[in-house]
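Here the chain labels run A, B, C and D in written order, and each chain numbers its own residues starting at 1.
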Amino acid sequence: MVTGTVVLSSLAIALAIGLVLCSRYMAQSEDSVVDEVERILPRIQCAQCGYPGCRPYAAAIVAESAPLNLCPPGGEDTVRRLARFLGRDAAHLASPAAVAGVAAVPASLDDIAVIDEDLCIGCNLCVRACPVDAIVGVHQMMHTVITDHCTGCALCLPPCPVDCISLTPRHA
Amino acid sequence: MSTGTPIARGLLPERLIIPMDQQAGPAAVPVVEVGQRVRKGEMIGRPGGLRSAGVHASASGTIGAIREGPVPTVNGLTTSLCVHLQTDGRDEQAPSEGWPRERDARIDAICNAGIVGLGGAVFSTAEKLRDDAECDLLILNGAECEPYISCDDMLMREHPLEVVRGALAMMDLTGAESTVFAVERDKPDALRAVREAAAQLGDTRIEFARVPTVYPAGGERQLVELLTGREVPSGSYPPAAGCICQNVGTAFALDRFMRRGEPLTSRIVTVTGNGVAHPANVEVPIGTPIGDLIHFCGGYRGDVTRLILGGNMMGYALPGDDLPITKAGNCIVAAHADEIRESTGEWPCIRCGDCADVCPPRLLPQQLLRAATVRDFDQLDSLGLNDCIECGCCDIACPSQIALTERFRQAKQAWAVVSQRAAMADLATRRHRRKLARLAAQTEDIHRQQDDLIAAIGSEDSRAMIEAAVARASRRRGESDTAH
Amino acid sequence: MRFELKPPPHALPTTSVPKVMRHVIYALAPAAFAHVWFFGWGICINALIATAAALGAEALMLRVRSRPVKPALLDGTATVTAVLLAFAIPPLAPWWVPVIGAVSAIVLAKHLYGGLGSNLFNPAMVGYAVLLISFPVEMTYWLPPRGAELGHSPVGAWDSLRFAVTGSLPQALAVDAVTQATPLDLVREGLTSMQTLAEVQAGPLFGGMGGRGWDWVNSLIAVGGLYLLFRGIIRWHIPVSMLAAIVVLAAVFHTIDASRFASASFHLFSGASLLGAFFIATDPVSAATTNRGRLIYGAGIGILVYAIRTWGGYPDGVAFAVLLMNATVPLLDRYTRPRIYGRPR
Amino acid sequence: MTELVVIIFSAALVNNFVLVQFLGLCPFLGATCKLEGALGMGLATGLVLTLASAFSYLVERFVLIPLDVTYLRLVSFIVVIGAAVQFTELVLSRAFPLLHKVLGIYIPLIASNCAVLGVALLNSNASRSLAAAIFYGAGAALGFGIVLVLLSSLRERLEGEDVPAPFRGSAITLVTAGILSLAFFGFNGFSRL
């Protein structure tokens, strides 16, 4: 009986030492997976998934602390591709309302923000809110949106005090 | 059907609709106003930038109107600015400048004369000749792009001398060492005519190749591989394989411009199909409404259900016959219901691979179809969707009668949208990262300033700074007390 | 004048699925007649029962999935599956054998995957494999060929119909006395009991290359196969690579040890090698779709058929060989793609 | 030498661990969503299998038998397999992070894979020599890998098909696996070489 326990414990300890040695010298590289997941997301930085950008959401997905279906602009297609890539089940897209802190207007690459120039008071709040610096304008002067850079993330709509920004289809 | 009679001429409709956007490049810019009187061959639109070409009046008359209208172009119906010309039947010829001396002036003249590839792609001929990539071979494409079209065949039979002279001029312009005339095997008399013309001109640099009449032998990529064994690299044009392809019609137009200074104002169009009384090849002024052309060929016969611009394989259906013939229109088919394909997609794909056997660029349409259904764009890329020349062979060979070519067209459009969005997403990511970096740098500056201030507290000059500030404040308060 | 707008191409298609399937059935006809001539009407009865069951199952599945039933029944794909199954079932078989085979082929192997064009495995072979493994006894009721004097009258058409329906034969004939193993079975038993090949093949059943009746049936199958080849219904890649694999392996092992390994011609003209090569392996849906893929697919089936026949537990391994290679088809499709025009690799 | 080849051939195909002996079914159904994942899983399990069969043989031969504690065979095998799995997970997470993320929970699950323990126990029952044991483990791994890759490629092809609603997902996978094992029936009776 005694020899049995001695044999087992020594065996276990020997193997444990081997594993510790192996884990010491191998380098850890994690972010290549986050890159891959981020590339699948639409990356319009709309923060409607509750994370401040697409990369934080991708990191949350890889760390398995966020479900795959929080991205409204990505739609069902992105959920399916994420599930396919990570080998997980594809749940249906969470309705935007269910996602914390979301703008009422769903973000989409097919739309762009348009500033009604004669209402704009130049308060510069939208410039700070825009994740991709697509709005230009000097303090107290009229601002406007650069159509090529705007991703339709609708983040500039809530902060505008005079509500002069609207989301319109890109190819009107 | 239409090679029995010689080329019919003399068609001159009273109304011409000449579109500005007739070439693969940007549209021409009109240089005439409404009501102005123009003579035949006078420029009514100058080239609108690189790869564009001039547009000329196909007959003398007065400009009725210049407005946007539907125009059949290479890849479907688009709207373009059109010059409506009311012809007066006097057929006055505008005077023309001579054939310039050196090479660049000649190429510009060709561009202004509106000479474009008449094989169907309407690529600006001047652009092709100007491109001085080392092309050792000039290929004259006498092979018809589709089975029923015979305009090139008739042209070679009736004007072999002009075609060969045009080819020689092209050789001089491009500096190609040799020229190959590709004529299909089932057109012996066209080949004989062109061979005699070459002998007559006594030029030995021209060779002749009899090409098997297998659709799509007329496609330039297939012709280059057939004649030279070289393959045009994916996504590029024949000059990348050292050859230049020119249609025999383009050579004829170049010769006519060289010798008689006439710009490209008319082209030969095959009118065929059971729905036409007398199928024939007609020399058609550019801008002739198709209705007039059909009327010139004896009008409709039986109930025509579909009017196709181009051949049965790649031509597309037109909504009405009031649309004009442009430089790209090489054939009109008026078809009855029984000779064209009605239903599509009767059965699911049984993966038989007949389509892969007939596919000229050697793709796998059955796997492309599956990838398109699943919208797997990476798979479509590796399967070579961009190399699909939409020739339609797979549709014909498919026992399940699936509209494969149409599915691939839709897949290409969907893919274009997806890749465009991916590009925008990349841009957004870069801009977002740059913004985060800028914000981080700003907060870092603020922190550094605060650290400096904290470090400065307690040193002598900081106490002096504080007292100076206190003094300034009290002085200010003193003035404000006296002011009230 | 208004005209209809339809996308190009406008030319008429040259063929259709029903036409293809009809040609396959024409190609099978001569072999069926030879089968009837040598082994009685059993195969026709089985074919009719199997076709009825197959069409019934297909109609049921399509109705359940609320899909149009009529075009699917008329395209002849279920019929071809049923006829191929009938060729693989012994002539003397109770009625429920072809029914279970056909139903499991159509429902299990075809409609569970989504109907025509979606099945991963060859439906006829799935049906046959189900039968072979679930009813081993009934699958050995093969009949002796006409002309082999075995001391009793051959089983007439009415007798086999009676057996199919009632499962009993007229008193004069006893099931075991009447039924006879196929040449392949005899070779297997003989070799395992250490008889040399020559002794085994001296028996009454052998004559010609693949066994008395079988060489006629198989050569007519080959004729049907060549008809399909010249009509362009099937390509040469699968039959040639499969038959070449069998012949080469058989010849090699035959020269090594003539007494223990059968000759190449015997393997070719016995069992289902020719039927497998021309009709079963070339089922387009479950076979590879690229030419190189087809060569590998055919060769794989040939090798497996020879291996199972020589060392395996079943007399004829065509069904298992086809199913195994069907499993590799997605890999073959992905890794044997031809070089595209204008692309380096 | 032919003896070893026969062992590999019979372990891989004739009595394939997954389709004939029905061992290791959970990764077989779980890890085959994608071809890359299945290939990785096959290799990872292969690594564990060969390591486990080698170590378990050594442990038994040089530790259990001399000290006459053979009743500890099962427990020590589990310890060996656990260590092998941890080692494999380390190798994967360091060298192939993408594969490690795609396989996720299925790598630690190899420890509970009955095929791995099965190999170790079968080896010791049949008291094979060290080389035979390792080849048997390698053969089992090869068979496991082949079947995994086949099923994953079949499943990827099924994605585009219009499978009836109740059968989508794991139901059609089970049907496919069933037909696959039907096909592997062709291999039984082969051991009469």
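Before moving on, here are some points about what is shown:
To be clear about the criterion, a residue touches a chain if its C-beta (ideal position, glycine included) is under 8 Å from a C-beta of that chain, and two chains touch if they have at least 3 such contacts.
It should be emphasised that the depicted structure is a prediction, and the values quoted were computed from it without experimental measurement.
Averaging Cα atoms per chain gives one point for each, and the point farthest from that of subunit D is the centre of B. Centroid to centroid, with C-alpha atoms defining each point, subunit B and subunit D lie 57 Å apart.
Note on chain placement: the centre of subunit A and the centre of subunit B lie 41 Å apart, centres being C-alpha means. Look at where the CA atoms of subunit B average out and do the same for subunit C: the two points lie 52 Å apart. Subunit C has residues 115, 118, 333 in contact with two or more other chains. Contact between chains, per the stated criterion, is found for A-B, A-D, B-C, B-D, C-D.
Listed in rising order, the residues of subunit D touching subunit B in the complex are 159-160. Only residues 38, 42-45, 53-54, 77, 109, 131-134, 148-149, 151 of subunit A touch subunit B when the two sit together in their complex.
Listed in rising order, the residues of subunit D touching subunit C in the complex are 149-150, 153-154, 156-158, 161-164, 167, 172, 175-176, 179-180, 182-190, 192-193.
Interface residues of subunit B, counted against subunit C in their complex, comprise 221, 225, 231-236, 291, 300, 304-308, 310, 312-321, 333, 335, 339-341, 346-354, 356-357, 360-364, 366-367, 383-384, 387, 390, 392, 395-401, 403, 405-406, 409. Touching subunit D in their complex are the following residues of subunit C: 65, 108-109, 111-115, 118, 120-121, 126, 129-130, 133, 192, 304, 307-308, 311-314, 317, 319-321, 323-324, 326-331, 333-334.
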